[in-house]
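To keep things simple, chains are lettered A, B, C and D as they appear, and every chain counts its residues starting from 1.
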Amino acid sequence: MATATAPDPDYEERVRASFERQAAMKSIGAELTLVRPGTVEIEMPYAAAFTQQHGFLHAGIISTAMDSACGYAAFTTMPAGAGVLTIEFKVNLLAPGRGERFLFRGSVTKPGRTIIVADGQAYAFGPHGEAKLIATMTGTMMTIQGRDGIEG
Amino acid sequence: MATATAPDPDYEERVRASFERQAAMKSIGAELTLVRPGTVEIEMPYAAAFTQQHGFLHAGIISTAMDSACGYAAFTTMPAGAGVLTIEFKVNLLAPGRGERFLFRGSVTKPGRTIIVADGQAYAFGPHGEAKLIATMTGTMMTIQGRDGIEG
Amino acid sequence: MATATAPDPDYEERVRASFERQAAMKSIGAELTLVRPGTVEIEMPYAAAFTQQHGFLHAGIISTAMDSACGYAAFTTMPAGAGVLTIEFKVNLLAPGRGERFLFRGSVTKPGRTIIVADGQAYAFGPHGEAKLIATMTGTMMTIQGRDGIEG
Amino acid sequence: MATATAPDPDYEERVRASFERQAAMKSIGAELTLVRPGTVEIEMPYAAAFTQQHGFLHAGIISTAMDSACGYAAFTTMPAGAGVLTIEFKVNLLAPGRGERFLFRGSVTKPGRTIIVADGQAYAFGPHGEAKLIATMTGTMMTIQGRDGIEG
């Protein structure tokens, strides 16, 4: 959302440091490609190792990347020292996870002190770069403060 | 659901064959441990390679296994030759994905010719075998018939 | 979605006729204010008779109007003679249902022959006409054809 | 959930007092029929005034009653002086809202100091008293403390 603001000037650094600690992102081949106040993008190439039975990217892997994008979008709006946890999310699969490359965007729809709502989109790119919306997410994120081991 | 029935006597074999083709399941270390009409269970050990930034199993990986469990629970109620696709799901994360081992159960709540609703639970097991409910899912699955490449 | 098309030239008439038969809309004081291919808007004044315990419009009533908006947005993309049913929806309540007037918009995010995904927004208007986003919805709708009693 | 406990001995009185202030419940003809720690039931007769276009109880009205049942189930687990707000919910419509009478049950799946997850079921009763599961809900509720006007 255009009006989201980052209260901590080091928001991008904090997002990147936390993303580096998400082993799951590295394992699925995902990279952080954009970090702005209220918006985060993650990209990954097609990975045969993470497909379902028809050879499409598994809906759960699409959700994994969208959850991280939405979570970090929320994280950009949090103060230094806070941690982010996902309370819940809902995903609609609009088209098969077929493509050469995928982009996952998370954006804050409703900032808040404790509860933050973010929406996500997943796009598949074909051989000529054409993009197709393949999934959407709505997620509810929570700011955690002062809990040991929950930072970032 | 106790009253779910499998119209195809080979339902278990079909579920197992399809699961084998889900590369994502092998990659995250998941195994199919129970296949009954209307219910499927999947288990996996804790995997540091699939964690989020605090060292817990990533919410998206929990969702990946629950989606497969719910999808195959729905698949047991489908006729031979059908394929199963996930339309949408919603996940609530109730506790961190911390544990030595995880079990994911999917059960059909509402069978149907085209649309099937399944509910899932994810449990974490501690060092003494104690189980904790860490997430729930409600998913909507669709029966696909007569579409090339969509079987299983 | 800008690219949604209405295959039936009488789509608006069909939406209006079906809306007239939704007794719930009349009971909560809702009116149909916009019908375009893929987008429908419904408005209603604040109604003390449909509040929750703090005097805000009840989350379920907000959902009722958003569900009708999303359902009819989907309906505009269906052929003549079809009926529309809601399979599921998810609602996030972003701010209290406080205001003088409310607008509920439903838009088709993913058209389809059988399954249609629509997204909704609910806005509250204050005394000076200022709008506030109070809720969002993602809903999955189904086209019903050839079933007695399910038209419109 | 069997293990939910009510920290405030006056929990039932507080639920009943808050329910009385929910004008929406009276308007749709709903009554509070069971209040236990972690579980609340609401019932209502079929109401032609709250139907959708095919004469079934509107999905949004089913959601309204399930949201109140889930919200009050959560409320039974809160301390005196707290208020309850719904953050989000998801509803699956499993069968048409057709019947002589309806029962809506909300139960706490995961208690918590701030965030409480509750699950709901809606049943329709036919002319001979036979029950049919027509919808399910998963909702996320929040405990509000020390905010003016938000009690109950």
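Quick note on the criterion: a residue touches a chain if its C-beta (ideal position, glycine included) is under 8 Å from a C-beta of that chain, and two chains touch if they have at least 3 such contacts.
Fair warning: this is a prediction, and the values are worked out from it, not measured in the lab.
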Item to check | Fewest hops from chain A to chain C - one hop per pair of touching chains | outcome: 1
Item to check | Which of B-C and C-D has more C-beta pairs touching across its chains | outcome: C-D
Next on the checklist: Half is the threshold here, strictly exceeded: which of C-D, A-C or B-D has more than half of its contact pairs identical to A-B by residue number?
Outcome noted: C-D
Checklist entry - What is the chain whose Cα centre is as far as it gets from that of chain A? => result D
Checklist entry - Which whole number of Å gives the spacing of the CA centres of chain B and chain D? => result 29
Checklist entry - Using the average of all C-alpha atoms in each chain as its centre, how far is it in Å between chain B and chain C? => result 32
Item to check | Intercentroid distance (Cα basis), chain D paired with chain C, Å | outcome: 22
Checklist entry - Of all residues in chain A, which are in touch with two or more distinct other chains? => result 87-88, 90, 92, 117, 138, 140
Next on the checklist: So in the complex, the part of chain C that touches chain A is made up of which residues?
Outcome noted: 90, 92, 94-95, 109-110, 117, 119, 133, 136, 138, 140
Item to check | Of all residues in chain A, those that touch chain B in their complex | outcome: 18-19, 21-24, 26-27, 48-55, 58-61, 63-68, 83, 85-93, 149-150, 152
Checklist entry - Of all residues in chain B, which touch chain C in the complex? => result 87-88, 90, 114-115, 117, 138, 140, 142
